[in-house]
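Presented sequentially are two complexes of subunit A, the first with subunit B as partner and the second with subunit C.
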Partner chain A sequence: MVRYFLSRLLIAIPTLLAVITLSFFLVRAAPGNPFDSEKPLPPTIRANLDAKYGLDKPVFEQFTNYVGGLVKFSKEEGSWLPTVTLDFGPSYQYKDRTVTYFIQAGFPVSLKLGLMAIAIALVIGVGAGSLAALRQNTWMDYTVMGFSMTGITVPNFVVGPILQLIVISILSATAVQLVPITGWGDSWKQAIMPVFVLALPQIAYIARQTRGSMIEVLRSNYIRTARAKGVPERTMIIRHALKAALLPIVSYLGPAVAAITTGSVVVEKIFRIPGIGTHFVNGALNRDYTMVMGVVIFFGALIIIANLIVDVLYGLLDPRVRAA
Partner chain B sequence: MTNTNQIPNSNIGKEVVSPVLSVKDLTVSFRTNDGPVSAVNNMNFEIYPGDTVGVVGESGSGKSQTFLAIMGLLAQNGEATGSAILNIEGKDHELVGMDLNRLNKLRGSKMSMIFQDPMTSLNPYLKISTQMCEVLRLHQGMGKAAAQQKALKFLDLVRIPEAKARLNQYPHELSGGMRQRVMIAMSLLCEPALLIADEPTTALDVTVQAQVLRLLHDLKTDFNTAIVLITHDLGVVAGVCDRVQVMYGGRLAEIARVDDIFYNPQHPYTRGLLESTPRLNADGSSKHADLPTIKGQPPNLQNLPAGCAFAPRCDHATEHCQKEIPTLRYFNENHAKACFAEGFSQSTLLHGAD
Partner chain C sequence: MTTTVNTTASATTTSTPPKGRSLWSDAGRRFRGNKLAVASVFVLAFIVILAAIAPLLTPWPYDMILNNEALFNPEYEAFNDANFPRAPDFVNSLWFGSGVNDRDLFYRSMIGVLISLAVGLTASLVALLIGVIYGSVSGYFGGRVDQIMMRIVDIIYALPFMFIVILLMVMFGRNFFLMFAAIGAVEWLTMARIVRGQTLSLKSREFVSAARASGVSSFNIIRRHIIPNLLGPVIVYVTLVVPQVILVESFLSFLGLGVQEPMTSLGVLISEGAKRLEDAPHTLLFPASILAIILFCLNFIGDGLRDALDPKDR
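Right after this comes the complex of A and B.
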């Protein structure tokens, strides 16, 4: 288990490097330049800017400079270990702010949004999926499966605006007060819509998964043994079936974090939430190279860490893996 | 010859004991996309306290479904009708159609069941102690410590070495034989009146098989538990059982004391089974090669013949057999058959009594 974890940790480093490399060159491959604008800059100013940010150097040198500047070690007086700081460089668009500043400012918002979405997805997804499994082939089952099919197939950039439209036009102005359709942080109600839209595909997916694995577990021999022992239905489900049925869900949490992270980019933009995703979209629109890179690397690291945690969690839950 | 449907008490020489399980007209059918499957048809039998009854028959003959129905463990598409009465301390409990809450008070405490595949019958995510203590806490309201103590005692009883350490292990840390012992220990915790063992040794190595059978045999003397031993292997019943019920096509073909099954079988199907059962020679070798097998195919449960289900494969079948289903009749106190043919004398058996 420990060895497995360490090997996964080691693999994380080249994975992250690959993410950095790939995104660096993809960003550079996009047409345009951070200092392009409607009104062309005078050539001398433009050259000065390029020189200041190192954009006049060959692309490969820019790359090594960027990677070299990412991690900074500094040793403080009297401290044993060096302090490691991540430096994503200055934003090209807001020249007096660093990318790290935007990530630090946006992360608490994005994290809250993402965690709420995952929590909601787990609670509703597992609940609805279990219910569908226990009432297999009844209207309840069909309803859950119908909804989840919709949730999986309709993308959030469609669901979001449609819900906003419904609240604005079909319902009234009071509805907008009850369920605000934009903004963040003024009232908890502002979280309802974006969290729901972000969670929807995950609710759908988790419900399907739970239903499938629950049905399989309920057919297994050890559930028959539990019944033969006279274990009441409720105890049987909670003590004997749920854990096995939820293991696939635990391993899905890694991909779920990735999906929620990418989903948050769109959802934050749609609902005007000042999270990392919004900065990312703005950065991409303005060819703010460092901003885009910084967010991609940060998200990449986040997803890798989430997957590591999921692996450990899985091992703790399954005694057969734990022993290995 | 007494031709009566009245099933007599088999415990000869004892005072009249009432059966622990009385099954009447038990029928099990399954709904499937290709129409209903009648897996068990009009079963009638009784099990007496302390008896060990073997249930034999080809695979698919309805052995498991009969007893799963009694335990209320049929698959969702299955339905049982008829009656199965469990008698506990003079009180009758009708099991067919019993509501789940009442059934759960009996299962695991008054009657229990163990299964063919010990590798998958225990919950892989729970420690042995959790799985065993659960039964005691549920049915006897025991506290954690007392339950652990009793679980330990029963693991010793089924001869599990280092029982204390096993309690804290997970099923995957135990061998198949050990797991089946755990299942047996777990099923006996509340000293049930009836233990149903569905092919308990089929999935085990031959040497382990013998040990587990011996264990069941010995436990029978410790507890006054009636044991139903389901098997497709006549060899298994020989050493362990008092009585044998032979099943064919979802019906009982013959019921007899174990000696009569081996030395005086009266149903042509039982005779066919015996002739196709390998026997050990004096030198320990068995002669598999020249064993006769019963000709023909097992019946199609979705389309059973109008008469005796065995008739198409039977050398003694008459026109009568094709038309009418023979009912199970006792022709002496301990021996019943469902067959129209005249009785067979012992000498007609192919490789006789040895």
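Right after this comes the complex of A and C.
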């Protein structure tokens, strides 16, 4: 187990370093100076700006400074635990704000959105998938598979606006507002649409995956044994079949976290939610290099850590993986 | 080489007819049996033809702002009306109405179709090229070379790709070719893994040993014997990559990081339409449904090809 964990860690660490290095040097390789505007700046001002943001040092030193600054340990008086702060440097566009400020402001929102989406995707996806497997080749199966094909094919930046359009049409036809279509934090109802839109592709994948592995498991010998033994159908499904059928779902959680992080960027834009994704898109459009770089590294670390956790979880659940 | 293709084909058909049937004619027969896939081919062909002849179907240039033009040109007086986006209007040949910037939405949607497909095909070919070469070399040489090459793939695989692509687009401007390259570079990884797996099983086959025994170089064995024999699964995977690439392109364009004005793409049109869905829903509905239809068609065709070329997977 320890060896397995170490081998996973051995992939996670170089990946994280690759993300940081790649983003840093891509930003430095970008043509032009981040402070260039229509009018070239007077050399003295520019030199001062460069000095303020540390751009006058050699690139390698800038890199070590940036990496060294990313995670800072500081120990407060009287506390025995060091506090960890993440420092992504100043924002190039908002002169009085740091990138960390935006990430701190946006992350709780994005995290809540993402966790709700994953939870809903798991519950509905596993439920619908098992139902489809147990009622294979009935209308129920076809409905679930049809919906999941749609969820996989149609991207959430199409589903989101179309659902908004439907809610608006119902509003203008019957004067009933089903759910709010934008915003965040004023009422829990505002979360319904974005969470659903974000979860939809994952519901679809998980339902498909569960159906596939469930059908396979239901054909296996030990299920036949359980049936022959007279285990009640319900117990058989929950205790024997579902347990084995869920293993591939656990390993899908890693890619799911990545997909939800990426999807949250779009969903936050559609539903005007003040999460990290919104800051990221604004940063990208305003060429706020440090902001984009900071969010890429932050999200990258998040996805890599999620993958690591999922791998370890999978190793704990399935002894066959550890042996390999 | 041809003989091996034939043996695999006869092994997969249950009744061997007196005349040998090739893998491809068998696959074609199976594909034609899949109604959904065949219908998708026709729908997709219809959309592509429509997009290709779009300039003949509409009198309005794709980048002309109708309202602006009407102010200066008496010929366009019908559009002298600041109230746009215009609803679909058959009298003036505005089949889809006008978009958020008061440009002909039909023409612009069709340009979006062409751009999506162009990006989809080009980037898939880039992925195909890199993936096949990388995977076959890694699989054929095996051992330490294989381990290092696949470990590199593992690491790149774990990178948060969409974000790296966005970073690239921000840094180097919204360059069209860069977009092809960036998306292609994302999609080759799975291809490399598939190709490597196939190569591993191919390289121990007799015809490869025979080639090696008769002194053919590694390069020529890979080129003449390995690559032609793994085309089946590779083609299946490519057809599934095309819709993914189209998704990435429209995702970027939706965020405003992809194709720039006055050019357009389905992602751009959807993002513009989403802002006006309250008063001009057609600006959203047309591009959104076209994108959805294209993606459905490509997925059905991909599934059909997979069933046709890889019968054991059914």
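Assume the second predicted complex is superposed on the first by the 247 of 324 C-alpha atoms of A that agree within 3 Å, B and C clash if a C-alpha of one lies under 4 Å from a C-alpha of the other, contacts with A are read in each partner's own complex, and residues count from 1 in each chain.
Everything below uses one rule, namely that a residue touches a chain if its C-beta (ideal position, glycine included) is under 8 Å from a C-beta of that chain, and two chains touch if they have at least 3 such contacts.
Please read all numbers here as calculations on a predicted model, not as lab measurements.
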(message) Looking at the superposed three-chain arrangement on subunit A, would you call subunit B and subunit C a clash or a fit?
(response) fit
(message) One more residue to check, A:I303. First (subunit B), second (subunit C), both or neither?
(response) second
(message) With both complexes superposed on chain A, which partner does A:A244 reach: first (subunit B), second (subunit C), both or neither?
(response) first
(request) Check the residue A:E233 against both partner chains and state whether it touches subunit B (first), subunit C (second), both, or neither. (result) first
(message) Which chain, subunit B or subunit C, ends up touching more residues of subunit A in the combined arrangement?
(response) C
(request) For A:P155, select first, second, both or neither according to whether it touches subunit B, subunit C, the two together, or no partner. (result) second
(request) Could you say whether A:M293 touches subunit B, subunit C, both of them, or neither, answering first, second, both or neither? (result) second
(request) For A:F102, select first, second, both or neither according to whether it touches subunit B, subunit C, the two together, or no partner. (result) neither
(message) Tell me the contact category for A:F271 with respect to subunit B and subunit C: first, second, both or neither.
(response) neither
(request) With the two complexes superposed on chain A, say which partner A:F196 touches: subunit B (first), subunit C (second), both, or neither. (result) neither
(message) A:Y53 in the overlay: touching subunit B, subunit C, both, or neither? Say first, second, both or neither.
(response) neither
(request) Between the centres of subunit B and subunit C, viewed from subunit A's Cα centre, what angle do you get? Round it to the nearest 10 degrees, please. (result) 80
(message) Once both structures are overlaid on their shared chain, how near does any Cα of subunit B get to a Cα of subunit C? Whole angstrom is fine.
(response) 13
(message) After overlaying the two complexes on chain A, where does the subunit B footprint on subunit A coincide with the subunit C footprint?
(response) none
(message) Can you tell me which positions in subunit B touch subunit A when the two form their complex?
(response) 71-73, 76, 100-101, 103-109, 112-113, 115, 117, 120-126, 134-135, 138-139, 170, 172-173, 183, 186-187
(message) Touching residues of subunit A toward subunit B in the complex: what are they?
(response) 136, 220-222, 224-233, 239-240, 243-244, 317-320, 323
(message) For the complex, give me every residue of subunit A touching subunit C.
(response) 11-12, 14-15, 18-19, 22-23, 26-27, 29-31, 149, 152-155, 157-158, 160-162, 164-165, 168-169, 258, 261-262, 265-266, 269-270, 280-281, 284-285, 287, 289, 292-293, 295-296, 299-300, 303-304, 307
(request) Flag every residue of subunit C that touches subunit A in the complex, lowest number first. (result) 151, 154-156, 158-160, 162-164, 166-172, 243, 247, 250-251, 254-257, 267, 270-271, 273-274, 277-278, 281, 284-285, 288, 291-292, 295-296, 299
